[in-house]
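Letters A, B, C and D mark the chains in the order given here, with residues in each chain numbered from 1 onward.
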Amino acid sequence: MDNKQLEEFVKSIDQDLEIRNGKQFTEVTLLPSQLYAIAKLLREKEEAQFDFLFNLTGVDYGQDLGVVYHLRSTVHGHSIVLKTRTSDRVNPNIDSVSDLWETANLHEREVYDLLGIKFTNHPDLRRLFLDSSWGFPLRKDYVDDINIVTK
Amino acid sequence: MRFDFIASYVSAFTGPWWKIFYDFSILTGAVDEWLKGSVSPFWTTVIEMVVVGVVFLLFYAVVGLFLVYAERKVCAFIQNRLGPNRIGPFGIFQTIADLVKLLFKEIIPIKNADSLLFNIAPYIVIIVNFMALAAIPYAKGLHAIDFNIGIFYILAVSSMSVVGVLLAGWSSNSKYSLIGAMRSGAQIVSYELSIGLALITIVILSGTMQLSEIVEAQRTGWFIFKGHIPAVIAFVIYVISSTAEINRGPFDMAEAESELTAGYHTEYSGIKFAFFYLAEYINMFIVASIAATMFLGGWMPFHIGNLEGFNMVMDFIPPFIWYIGKTFVIIWIIMLFKWTFPRLRIDQLLTLEWKYLLPINLVNVLIMAFLVLKGWHF
Amino acid sequence: MSNISEYFKDVFNGVLSLLKGMRVTAGYFFKPSAIVTQKYPENRKNLVMFERFKGEVVMPHNENNEHKCTGCGICEINCPNGTIEVIPKSIITEDGKKKRAIDKHIYRLGMCTFCALCVKTCPSNALAFSQKFEHAVFDRASLTKQLNKPGSQLMKGVE
Amino acid sequence: MEEKVEIIATDEKQEFIINMGPQHPSTHGVLRLVVSLQGEMVKSLQPHIGYIHRGIEKMCESITYPQIIHLTDRMDYLSAHQNNEAVCLLVEKALEVDISDRIKYIRTIMSELSRLQSHQLFWATFGMDLGGQTCYFYGLRDREMILDIFEETTGGRMLVSYNCPGGVMYDLHPDFQKKVKDYIKYFRKKLPEYDAILTGNVIFRERTTGIGTLSLQDAISFGITGPSARASGLSCDIRKHEPYSAYDRVKFNEVLFTEGDTCARYLARVEEMRESLNIIEQLIDNIPEGPYAVKMKPVIKLPEGDYFQRVETARGELGVYVISDGNKNPFRMKFRSPNFVNLGVLNHLAKGFKIADLIAISGSLDLIIPDIDR
């Protein structure tokens, strides 16, 4: 499917989704509550078959925390981007997709480690690089007077 | 002080002085005679034992150091490198410098290690080495003990070094060491069989277990030529399984540098580590000497049937040189094994022994017996 | 029967493959001309580094002790690690104008990652890489270097 | 500050937990594997990483795009050139800059050379992991010559920093073409030796065949890319699927195997060396004339939006994801590093095999630790 068809396909799943056709990928913005269900549909539907999660990025948008999923289908060769964001900075919760794509396991641990986003239903959510006394360094409000030198 | 030993000494040199290089029993016999004449038999034995002990100690150190150097040079040349080249010309004093370094190193006591066993282990390995070295005929008459069951003795003694390895691994309180030691146990127990059977093939051919007689029997031709096909097979099997027996690559499962860091001697430091390290090389020397003695005629020169002139030239080279030469050729082959092949896995190692070497060996022994029975050997 | 022939085929092929490997290694053993080791401190005299080798950043001076650095500070802006620090001063030129010039060009070798952005972006080509690669020192402070030589001046004609 | 080691709870007393790394001869860096064994059998393992985490993604948020390039060198240091290229291609794509054919050719040749040297180092270290130490020296001997070629043109050996947005830093050295051609001739002679020592060796075959088999489904689910995935039959070569630089102008085969075991992963890399030689041979004689760099603005600002660029490094797919807010610094920069993802499959592969196999499997995944940690 090309991007147009993808857009229509996603529309057919849920009318209200916010879809943006970027230069490269079709970008779908989801609420955290919708994410798992739609990711599962995209993974399993015959005509979509997004079986390859090639990137999972946690983003701090300043106000919100978000996660970006880059999906590709090794069968059909098309790609799609899912974006989700939550405004809860203290206790951000997003559903884990690690049972759909095994690779999400490590990716989500990394995002948890660096941004503090908790993935519910993750089998093994522990800090990955840093130990538990660290903050979440990729957040924009992270302060570290010793290690971060600003010119 | 009586000086008549000089007379007996001189009388030993009825021929030119270099004759002792062809028959050391002239020298040893003369010394023995003189000692017996000058002190009581008890003291004779004591003095002789001390002298032999000191000589072996020196021999051990020299051979060990030289082999370490040789290994480093050989592997360097194989790997397109120069190897040690800083200390002395061509780096020949490198291993001595290493030894000095190891002597000065701190011996680290390991927490929770079984200190008695931990300390004993390197000595067991070393003592076993000495015991094996004693029975090897180095040249005509240069022989510490000439047992009538020499081969049997060497087999029995050399398989004891696994005790040292097991103790080292067990007492170190390190998981890597333990795995290494356990591997080594399984390995040596099974390869002992192949070595034994390969040597039995030759014992059948020679009809004796006494090493000096085995060498003497090869005056007319080395056993590897005399026994042709079964002897060659036995030789190959012996070289392979002795490489495994001494824990060298590609069978260095017990050390397995890339898996177990250093295997059973991971926790050793300083001179105790040096003992293990030296023992590995001396072991290599021992198995190579046995191979040379059993298959390649020991110190016996290379003779071809009735070519008198050729045989004369070969006889001119002293037996000791022949022995050293043959031993080092085999050592070189063993080194080449190590620096060419990837390491086997422990189960493959046992597969190789039980599925390939052992059956072939058994059939080989039968063939050899048949050959000897029919008189088809040379 | 086929099992037995298979068995011996395995043995034969296995031994053959081992011998092939040993031929290569033994071949190198008897071929000392293939040795690639360089004896480093001995060959120091005729050791020539490639012309573009990024050893360390230097400021070439000509025979009159003149360099090309105008003190504009572009290298400092471009440096990703804060390796370079330009301390400018203002001088009064012959025709009586005030002008910005370099007082000290500080270069911290210990922080440099040799990305070549400073050399690349310098508008007056005042910086270059030297081929020196022996950087070990006993005192970390000596890794901080002043690139412009004492008493040096701006080259004529460089703006 | 002591981190608690979480150890997998177990009821059986047979468990034997061993710590491999951070200083262990075969983890090629500071990777720590907590392996629980039963006898010599691996029951499960947990990778512990982060020993050299430098926060490159955080650092990128405060520096400009040309400055980012030298940081990407230090992620996967064996694919430094491809990492550089990924950032440059991304910037060029975002700014819609057209680069000349010469730049494309240079980048492609350099990428393939660095793939070649990376696979040589893989061959070398893989041989050493399996216990054949001589492989290490033969591999490094041949790799050294490529590093010399790099040094002559780029001034760096491993960390080349050769790309810059809009082109490359310097033009090719006049001797470059001759040296590369000589090298191809030389290395084609050496490849049969590689095969004689390792590929054909019966011990090597026994050690690797059927060990750590990764099925196609698992490869997809675990997101494995690069030669490790192609050994399982997953066609994922970015050079074929989304050609960048001059890859659309050369003919080459995507190396695909179906076995998915350690041996196939090894063979895939050895075959890729041959393909790399083919690609370089096709390009080296026809490098077109032209500028080696396009003039870019002194301050590069990406327009607001998201950008994603993939390249095929020696170990798999490197994705660079940038969220730009229109400033000269990226708002968020994410590197999808192939090794990080490939590490995730190690536990799955090594389960039920022996320690020696674990070494072979982790060697065949060809993990580069700085790329895992970033």
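In this text, contacts are C-beta pairs under 8 Å (C-beta built on N, C-alpha and C of every residue); 3 or more make two chains touch, one makes a residue touch a chain.
What you see is a predicted model; the values in this text were computed from it and never measured.
J.: When the contacting C-beta pairs are counted for B-C and for C-D, which pair yields the higher total?
T.: C-D
J.: What's the chain with its C-alpha centre farthest out from subunit B?
T.: The chain farthest from subunit B, judged by C-alpha centres, is A.
J.: Which chain is in the middle, if each chain's centre is the mean of its C-alpha atoms?
T.: It is chain D that sits nearest the middle.
J.: Which whole number of Å gives the spacing of the CA centres of subunit B and subunit C?
T.: Roughly 51 Å separates the two chain centres.
J.: In whole angstrom, how far does the Cα centroid of subunit C sit from the Cα centroid of subunit D?
T.: Whole-Å distance between the two chain centres: 24.
J.: Hey, how far is the Cα centre of subunit A from the one of subunit B, in Å?
T.: 65
J.: For subunit A and subunit C, let me know how many angstrom lie between their CA-based centres, rounded off.
T.: 41
J.: List, in ascending order, every residue of subunit C touching at least 2 other chains.
T.: 18, 21, 24-25, 36 - these are the residues of subunit C that touch more than one other chain.
J.: Got the subunit D residues that touch at least 2 other chains?
T.: Subunit D, residues with two or more chain partners: 134, 141, 197-198, 201, 203.
J.: Mind listing each pair of touching chains for me?
T.: Here the touching chain pairs work out to A-D, B-C, B-D, C-D.
J.: Could you list, by residue number, the parts of subunit D that touch subunit C in their complex?
T.: 63, 66-67, 69-71, 74, 134, 141, 144, 148, 151-156, 159, 161, 164, 169-170, 173, 193, 196-198, 200-203, 205, 298
J.: Show which residues of subunit D lie in contact with subunit A when the two form their complex.
T.: 1, 3, 6, 49-50, 53, 55, 57-58, 62, 218, 220-223, 225, 234-236, 241, 305-308, 310, 317, 319, 321, 323, 332, 334, 336, 340-341, 343-345, 348, 373
J.: Quick one: which bits of subunit B touch subunit C in the complex? Just the residue numbers, please.
T.: 74, 77-82, 85, 336-337, 339-341, 356, 360
J.: Considering only the defined contacts, which subunit A positions touch subunit D in the complex?
T.: Those in contact with subunit D are residues 22-25, 27, 51-55, 57, 59-60, 68, 70, 74, 77, 81, 101-103, 105-107, 110, 114, 126, 128-133, 137-138, 150.
J.: Using the touch rule from the top, collect the residues of subunit C that touch subunit B in their complex.
T.: Spelled out, the residues of subunit C in touch with subunit B are 11, 18, 21-22, 24-26, 28-29, 32, 34-37, 39.
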